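Both complexes shown next keep subunit A, but they swap its partner, so subunit B is in the first and subunit C is in the second.
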Partner chain A sequence: MRGLTWGYVARRLGMYVFTLWLSATIMFFIPRLSGDPVEGMVARITMQSGHVAGGEELIAAWRERFGLDDPLFVQYLTYLRNMLTFDFGYSLANFPTEVNSLIGRAVPWTLGLLTVATVLSFVLGTVIGALLAWRRTPRLLRVLMPLSLTFTAIPFYILGILLIYLFVFTLRLFPVSGGYRSGLTPDAFDPAFVNSVIQHGTLPALSIVVASMGVWALGMRGMMITVEGEDYLTLANAKGLRPGRILFQYQIRNAMLPQVTALVLGLGGLVGGTVLVEYLFGYPGTGALLYQAITNADFTLIQGIVFILILTTVTAVLIIDLVYPLLDPRITYERR
Partner chain B sequence: MDPTLTRIAEAEIEAEEAGARPASPWRNRKLVAGAVIVGVILVSTFIGGLVWDTTLARAATSPLNLPPFWVDGGSMDHPLGTENSGRDMLALIVVGSPTTLRVGLIVALISMLVGVVLGFLAGYLGGAVDAVIRILSDTAMTIPTLAIMIVIAAYIPEMNATTMALIIAVFAWAGPTRMIRAQVLSMREQGYVRMARLSAVSDTEIMFREMLPNLLPYLAASFIGGMSGGILAAVGLEALGLGPQRVPTLGMIVSQAIEGSAILRGMWWWWGFPAIILMVIFIGLFLIAIGLDEIANPRLRGART
Partner chain C sequence: MTGDQNVLRVRDLRVHYGTGRGDIIAVNGVSFDVRAGETLGLVGESGSGKSTTAMALLRLVSPPGRIVGGTVMLHGEDLLAADERTLRRRRWSEVSLIPQGSMNSLNPVLRVGDQIVDVIRTHEGRARGAALTERVTGLLETVGLPPRVMRLYPHELSGGMKQRACIAMAIALSPSLIIADEPTSALDVVVQRVVARTLMEVKDRLNSSMILIGHDMALQAHLVDRIAVMYAGNIVEIGPVAEIFRDPRHPYTRHLIASVPSIHRRKPIVPSELRFPDHGRGTLLSRGRQMSSRRRPVDLYEVSPGHFAARADDETWAVTEEDPTHA
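Up next, the complex of A and B:
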């Protein structure tokens, strides 16, 4: 394939595995730094709910379940195997339910919201940034657009609060919370259900898009201006190429590349922001589940969700990284 | 007109612009506006702490759920109203704003220090050191750090503002490290650095005496970025109920308001005031960062917006 070399793919895959291993390892050792993880858990639960019935037996049962009486090394290997096979065990708060089934229900919502919002904000932001830097953009647009960028500085979460106040409390245009109207059964082919999903998803998506598109716009504007100083652009102008061709084929195409890098680096932040927005809007994704898990001190659930969030982000980054050389063949050559 | 004349005039204008640049960082309007905004917040919370009784920020010191004084039912005893556990909003904000800013400051300081050391090591020494630092910072940047911070924070039985800042700082060094590394790489081959190396100046001296001063605008921009990133991360942890429990911060007030469903109860003053101050802080820091960025990278000023 053009630009995609085996060495590059191998390096990226290596980074992928390394990142996953490192984050899994951090999550293994954090609870053990503060002493016995099970006693820590019970202490926190006791602090929150006053008392735990049969604390001693609970500790013993959990020690058994987590194999805490084994040597650390064995525990670590078991843990890694469990992570690899997505075996996160039972939820502590909703005991007979497995962490997996709880997460399985939530992940599609998060993925959907995240994908739609990220693509929208990336495309909108990039277009705005390109127009901001382009000489032929009408004055009116140039005055209006920077105003929209002010939102960049505001976190998704705070913007979401403002949107709820404005559209839900004051104007009563959108439903308060949830992912679809209660009473409907989830069915992707039922128009009423799809409609309801869109209605419930608009505000969460809007707060992510509005708050994050400015980042892409600013980056794009900076790159467009940098590219404008390049010799090949002066040459293209001197040759008398049509302005539209210069804009798209010469300026935007070159300015786009760092945007993709920025997307890779910004994805982690986007995932974090989405989690908060989901919690705020009571969206049935991983955010609300994570909040529940934290308030219930449901440590296995927290661990499962966090691992899945990391896995999702890192996988998305890997995919973008593998597509990148197809956009910019130089990337695989310029290394050292 | 003689074409050489215009060329001379152009050159003169360019020279003037170039000459004027280093003397006038404060001519950048965005930088000034941002600095004024953040300064006003700092000064007014400081004065507020002197004038207003901050013990009212404790629970059950005031009547519950009072609106601000200009709304029916409000009184001048609690000009910004009170919330559902009997805390005075003005006192909460006066105590909460400096705490929030302090969290940002700690995060920015630590991440910059680590960033300077690692960035210089990686960029200047290169080789295996560079490879290790680059892999670690790449990893730290791709992981959604909020997720890992949640795991850490969930195991800390009682959080305070400084602990929270330290947890955030553990993951905030990667950005500054990469930025400084890139700058050092491009500076390393410049004339004055080679000259210094040829004159047998020690590596540490080259790094910190010769190169570091040239990085100042970048460092300043990234320090401000670190501050707002730190506050952002803190607001995230606080929103999920993992923030400090004793001393109020702006994010904690908003998060408690959301939990008390203040929005749908129409108690806009409860979440509104802290949220507005947070937004003003973020916008102020953002303007400072953009201004500094334009000073560090003059090309960005090319198109006026």
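Up next, the complex of A and C:
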């Protein structure tokens, strides 16, 4: 690939592994600073139900079960091996459900919802931003577009509440919560199920799109104006090129570069979900799962989700670094 | 010089820059002709309005600047009155530009070849790939660049190569007029001479006319047929290059010529004692009064056939001896 060298790819992969190891290690030690999770959990159960028979024995049994009696470095090595093989063990709060199956169930929902919402808001926002800065944009659009961006000032969870009030309780157009109508079995090939998923996903997606596209639009507009002042744009006009060609090949292509970086980074962090939106709409994604895990002090589940999150973010950054020379020929990784 | 027909006829061209407090007059009713095949030098210091004049010829003055009046007749057609479509077609096919900042004048994300193909495709329609490649290679060869440059990106070229690529682009459609806005000012002296020579060679080959903008009188003396001297938005002297150097009439022209370094004797640096017209009030017009109070263009008188100059004894153009601090 142009601009890439094997040496660079090797170094970059080395950094990738190092980053993963470092964050996994931090994630191993931090919970152990906050006291014994098993004791904490038994204490909580005791508080909730008033009394737990044989509390001490329970603690000892669980400590053994989770390997918490082993010396620290044995625990650490076991932990690393588990992370490497994506074996996150059992959920503490939902024993004996495995963390993997909890995450596995939640990830498709979040990925589906957020990929659609993010890409949509990226495309809309970038187009609006480009048109806001373009000199030939019709006047009507120039007036309307900034209005559509005022929603950006509203936090998306408040926007979500407004949408629920308007479309669910007043107009009764959309279902109130969940990922699909209860009673249906998840089946990607069942039209009724797919339809239900789209219906349930519309409002959460809408609240994210409307709230976040303004950020994309403002960024794009700023870059468009910067590029507008560049000499190569003046020359493009002097060349008598068609306005459309100047807009796309000269102005937008240069203005897009920072937008793309932000998009890929954003996509990398998607797996974590948006806790507030998912919580608000009762959406069965990783954001809601993470929220539950934190309220339940479900360490293994938190570890699992955070590790997947780190993995996808670091991978996204790696992908940007490897793909960027294709977008911007000035960036090259050859050593000079 | 071939024939006496004018390719370009500029009359009373006015460009203002809007500011919060009124308009700055950048070009104050400039008139000049460019004859077929000739090179006209447009000289003057920074801010004299020479680049703004050049951009106005192509209607490329960008806000807050605007063309307030005048005509730019290209082969008898007024470009300032032309509709967008006509204007777009005349650009580059009739009048091309070698920009001032050629370092940043190439689109960083497109290959050099594609940026040349751009103009050919736009103005001449679809062309076959192989023929196009051959044509672009030919253009690059004309300006002394190897064919591989076609596939390179602008950042992979040196300053001199970028400037040559810009020249290749400017001659791609064999325009009747090339506007070269300080085409060599960003280059070092050695490369300057080589690029300037290339420029004149390709210009002669195409038999195009050229407006060469610059402030280097020594370079101009070698390259141009006639010189127009600009000062504070006005052409204060215009005439054949030899005549101007032999008998400069306007004090500013004399300063420019005196500023050419000599290897024979050490010269003191002579700061220009000229002050801007309006006695330090600048050329700002108050808002709302632009039309009524705009300044008259400077009157030129004929020194000898084809050599015109502004009267320097006129109050506005007085060379003052007084200390500028208590002006």
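Quick notes on this structure:
As a convention for this text, the second predicted complex is superposed on the first by the 287 of 336 C-alpha atoms of A that agree within 3 Å, B and C clash if a C-alpha of one lies under 4 Å from a C-alpha of the other, contacts with A are read in each partner's own complex, and residues count from 1 in each chain.
Basically, a residue touches a chain if its C-beta (ideal position, glycine included) is under 8 Å from a C-beta of that chain, and two chains touch if they have at least 3 such contacts.
Note that the structure is a prediction, hence the values are computed from the model and not measured.
Of the two partner chains, subunit C is the only one touched by A:238; subunit B is not.
In the superposed pair of complexes, A:328 makes contact with subunit C only, with no contact to subunit B.
Once the two complexes are overlaid on the shared chain, A:254 sits against subunit C while remaining clear of subunit B. In the superposition on chain A, A:280 makes contact with subunit B only, while subunit C stays out of contact range. Look at A:230: by the touch rule set out above, it reaches subunit C but stays clear of subunit B.
Touch counts on subunit A: comparing subunit C and subunit B, the chain ahead is B. By the touch criterion defined above, A:5 reaches neither subunit B nor subunit C. Touch criterion not met for A:115: it reaches neither subunit B nor subunit C. Applying the stated contact rule after C-alpha superposition, one finds that A:309 touches subunit B and leaves subunit C untouched. Contact residues of subunit A toward subunit C in the complex are 230-232, 234-242, 245, 249-250, 253-254, 327-330. Per the touch definition, subunit A reaches subunit B in the complex via residues 15, 18-19, 22-23, 26-27, 30-31, 34, 37, 40, 43-44, 47, 132-133, 135, 142, 145-146, 150, 152-155, 157-158, 161-162, 164-165, 168-169, 176, 218, 221-222, 225-226, 228-229, 264-265, 267-269, 271-273, 275-276, 279-280, 290-291, 294-295, 297, 299, 302-303, 305-306, 309-310, 313-314, 317. For subunit C in complex with subunit A, the touching residues are 55, 58, 60, 62, 87-93, 96-97, 99-110, 118-119, 122-123, 153, 155, 166, 169. Within the complex formed with subunit A, the residues of subunit B that make contact are 135, 138-139, 141-148, 150-152, 154-157, 228, 232, 235-236, 239-242, 254, 258, 263-264, 266, 268, 271-272, 275, 278-279, 282-283, 285-287, 290, 297, 299-300, 302-303, 305.
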